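Okay, got some structures for you below.
Shared between the two complexes below is subunit A, which pairs with subunit B and subunit C, respectively.
Right, the complex of A and B next:
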């Protein structure tokens, strides 16, 4: 197998490189398993809708899944945007993989509707709406999330059109609506300019939307339902740990793609692992920084209402998920990622990434189960700590099924849209040259304005 | 973008060391004026020691005024060096090269200035020894490690030490360069000792590069911790308006906003004052302005989180503090001015490429940012203390005195004087780094375009 870096350098040669979508078949054991899990997710969702509509505690673990999707699938496209903005040449083969997660992130909207419907009225509890009555929080949160998800899809579609459209003659032969869907793409200089501007603008909008939606949902589904919990850093903590998990998910997917997709495997290598691994290490340190900034203040000030909330999420009620999350998202990744060998190997870093993704589930359990299952969400302080609400068999099946569904939707999207962004990789290869410098070979990277 | 400065080594060396070995007349005029301000501040401090803190106009309940605001401001500016230097070095951003030294030096002198203010503010500076160092073991008087009074000096002096080390390691090749080109034997001997025998052997270059990278990585957590700890001076208390968990990242990002803006201001001044037009180009300020757009927007988001979560619990004292900050005069004027200066004017202007590449407008907007950021710290600190509380029953009143204005002006004089003195004695541009950048610079031809490029290992 040709080295990924060398394969990347050769892309500028003729004939033009055209990436293909994944060829999936239910005969493959992995695909069949994902399909089965996806079906289980759909069934469990319907069962929940029928049996638990309006029952907030019943939607506690689905809220965990919602926040998990928001922190993984919804955050992954940010890697595509950020690397594009920072002109990170190393991320070229990863951008489409990251952007494709916009498709499964649509599932978060499906979950949001019944969860929002189970929330109690805002009166009598702390909230961010300050008497704003135009449909808050139901319509406002749904609107904010839907705009974010649509922006993500637009970002995916805009970046995929040059790969999907094919030669100009093919587009010209299409019907009117189909041509419109393909943005009438014939690859003119003006179209390339618009595409570049659209990618950057949509990306910036997506980043701001990501932060804003986190602010709304973490408050409306978390803090607002646990009296006394007041933490300005909590939305940022969620967004940052979401980015950590989004990076981990992208690396994990890249490793799987390298194993199962020969085409993608040619381009995915240790260069991506090494560069993204450093960012993952930084994001892992951020986990600690944001946790500590929250914890220290509450521990030091010792205001009873705040301490009680901390006891629920960290110290007493949900101490077990907290410990598991801390080990899987901080201790083990930090201990492993400081080694160059781990960071520079896609296979090894995928192992670390899987720990982080699993750890995130426990992290979200400790934050969202207690508020959603709290029978007394009103007031400004808790009188006694709520009892832990552990998942029943239905909840566990729901979580497994719905997370499986998320991956199944990703695989389906990857079977429709190529997992490699050929046009960007080809452009990138034109800006990469290998040269001899003194007695060694060096890579020369061009960075146009 | 990132057009390399192509010049032969001899010309580069001469231009970069020009100011070190020259004595322009303006240097003495500016130095004299700055020293005058420092003398005035010295007199104020002596009078304060004689008459106590009331000489500065402090009275119950507002004991934290201009001095603490200035302390926070200069700690914030000190974040410029590490943000620009360490992060950009680790990410191999090529445009960093002419920027780093000035940013690092700004860090050192901002920090040295910042630490003066808690000392002055203590009223009896020597007593800070009691709180921070175990001064008399026989009395069993140990500092309280739970107190921010211990955290602050620990963090600041760790940051100062590591920044000096960081700058020194990066300076070694330039000290050797100055040694080799010094016009007289005395300065040659001094530079020789400081250069620690650096001759540019392969082994020395390798060690210097690895040390620089390691220090970059080690210094980053320190950089984040310093302003976090400064924020915790406020936030660990239960004072309404201060006790918010977002304070640490909010202070850090505010510091970066203020610090990187200060670097842009300093670079533009350096470009004209030191004749470095070939080294500080439009590309550099363009790149820094792009960085500032992101930093400023994150800062605004954190400010809004601070505001929203201040009001979130609808606790009367919190609401009262925010009302005082944002609605009541004179604070409403300060609040509007700070948000306009720190975000509303500069960021929309930076969206335009023509502005980002214009030295005059970048100078004006970055000055505005720091005016805004100073006022922001003032708005964070004072109104929260002025509030009506159970034991004061009425609002406190605070108006800065003339002495405080003199001390604030002197702090700017101290930083500028330190910066000027450094640039007079040592190269303010990293000559070795710039020359390395020129060696690594390349071009790639794509169709008819000739794209600037750089070599990577």
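Right, the complex of A and C next:
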């Protein structure tokens, strides 16, 4: 048995254990670095807006960042939902960490607007919209992403209200709207029940929105801009590898929290690594499954237009990012995660997770740079393979800065909202006990709902 | 008519077992679950205090929202297609495969918005309990009961027999008031 961290089983109910938000200071080198990277991200975004508005190729690498955020920060909250749905108590200390990534996910909307504005007309190229001209793809994609982001923020906020509201006298003293925002929280049995129902319902909608947004954006920013690229598996591949990267990001964040946050660190350990590590291994195998399903079909059918698209994303034009992605997202993680020792250690699995997160950047480069930089997106097939479009210095600074901004926003959110879900952890402590069973110890878990 | 008005009592307990005992005594005294409210800083499993099934209407909101969202989606896409009726690839002007993602989007938007509104609505109305005490957020468990004037002594006895640390009415603590026990 991988025992849970002892602190998680002994939480006080009276006075109730209340987690605190991160105490951050610019005097800390890591925080200062993140702030600097975040500032760089903002500056580079403004520079792009001013110098490259409407120039699609200039937005190729920002599109990589957009799809990176969508596949990491935006997918992380799914862990909170899935573990609530499956009643996985091992994830209690991870749920808020995962849900907090809803905050940096908002940056994806900021990126989406100029990227969508740079797209060519739908007419004359393959697309999802069948001639629907009332707002597609700009309005439809922006609306879909905003639904997803709204759901993520609602999930984060509602689950945080019991930790943030404070005593009833404070809530009663609030103004009408603020009180409404805090759900008029007094801790009645009915409020607890509504909160649990809201978490599950919104979580289900979040999953639905996640899949839908991947379908739209992978098509509108990928396949429909590279003539001949037609794949029904590609959106699913993106969603599944996004889940792989979301798990990796959550594990990586948990390891960093354990190292730098003494309060959160007491609850984070090998139990989370062991449980989430198995899912990460499965998701890593899915990388290959979906890649191979897509590849084999096209290889066997030998349709010239589809083969050309595969040569761009896999075999010729972007072979370098493909190889790096395959090594970092499949070969190395698979080779390491099959060992129990790696899967059951938060420190070791965090190392594997960092490979996956870095590999994802290269994976998204091979998919989205060619379509966004393609000067001839119209027609049904490419006449010749496009030359690779490598990043210039500004693109590299943009990617480093904006990804840094994503982490800076996460840390800022974690400094406002506790990184642990206090009420769920207290409930978990009440319902989980370690007991002696013959000559060993076992965990007795109550699952009443 | 004065005796028909309901008044509220709030008892605070140190231990969950005491709170469960209070609920049982209130039931025995003839108070039903609609009169009793449990307040805690940690969510206890439903029924842990012997209380009945708590009802809420949150699940109705996503359905209503989904229906409204789908209606808006249909209006959006049918309106757009009919206002510019171009036959594409020999397909009908309004073809289901071509509109399915707009319908999905509208339905999901409506469901999410109504769920959020539903959470706010369910939290705001009715306006929680009248009496409250900050000690509940410190881990004590509150049992609130609404009783008609003439039944107030029965409620007070039931709550007191479960050994609360305090018993409150609108006027203040009853534990230390003269003439109460």
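The rule is short, and it goes like this: the second predicted complex is superposed on the first by the 442 of 449 C-alpha atoms of A that agree within 3 Å, B and C clash if a C-alpha of one lies under 4 Å from a C-alpha of the other, contacts with A are read in each partner's own complex, and residues count from 1 in each chain.
In the analysis below, a contact is a pair of C-beta atoms (placed from the backbone, for glycine too) under 8 Å apart; a residue touches a chain by one contact, two chains touch by 3 or more.
Keep in mind it's a predicted model, so treat the numbers as computed, not measured.
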Partner touching more residues of subunit A, whether subunit B or subunit C: C
Which superposed partner A:130 touches (first subunit B, second subunit C, both, neither): both
Subunit B versus subunit C as contact partner of A:151, first or second or both or neither: second
First, second, both or neither for A:233, with subunit B first and subunit C second: first
Contacts of A:169 with subunit B and subunit C, given as first, second, both or neither: second
Touched partner set for A:448, first subunit B, second subunit C, both or neither: both
Touching partner for A:177 - first (subunit B), second (subunit C), both, neither: neither
Touched partner set for A:189, first subunit B, second subunit C, both or neither: second
Subunit A residues contacted in one complex by subunit B, in the other by subunit C: 128, 130, 208, 215, 430-431, 446, 448-449
Touching residues (chain side subunit A, partner subunit B) in the complex: 126-128, 130, 208, 211, 215, 219, 223, 230-236, 278, 285, 289-290, 293-294, 296-298, 300-301, 303, 380, 430-431, 433, 435, 437, 442-449
Complex interface listing, subunit B residues touching subunit A: 1-2, 90, 94, 146, 221, 224, 228, 232, 235-238, 243-249, 297, 301-302, 305-306, 308-315, 442-444, 446, 449, 451-457
Complex contacts: residues of subunit A adjacent to subunit C: 12-16, 128-134, 140, 143-144, 147, 150-151, 154, 158, 162, 166-169, 172, 180, 183-198, 201-202, 205, 208-209, 212, 215-216, 423, 426-427, 430-431, 446, 448-449
Subunit A-touching residues of subunit C, taken from the complex the two chains share: 14, 37-48, 51, 54, 56, 58-59, 62, 76-77, 79-81, 84, 86, 88, 91, 95, 97-99, 101-102, 104-105, 108-109, 111-113, 115-116, 118-120, 122-124, 127-129, 132-134, 136-140
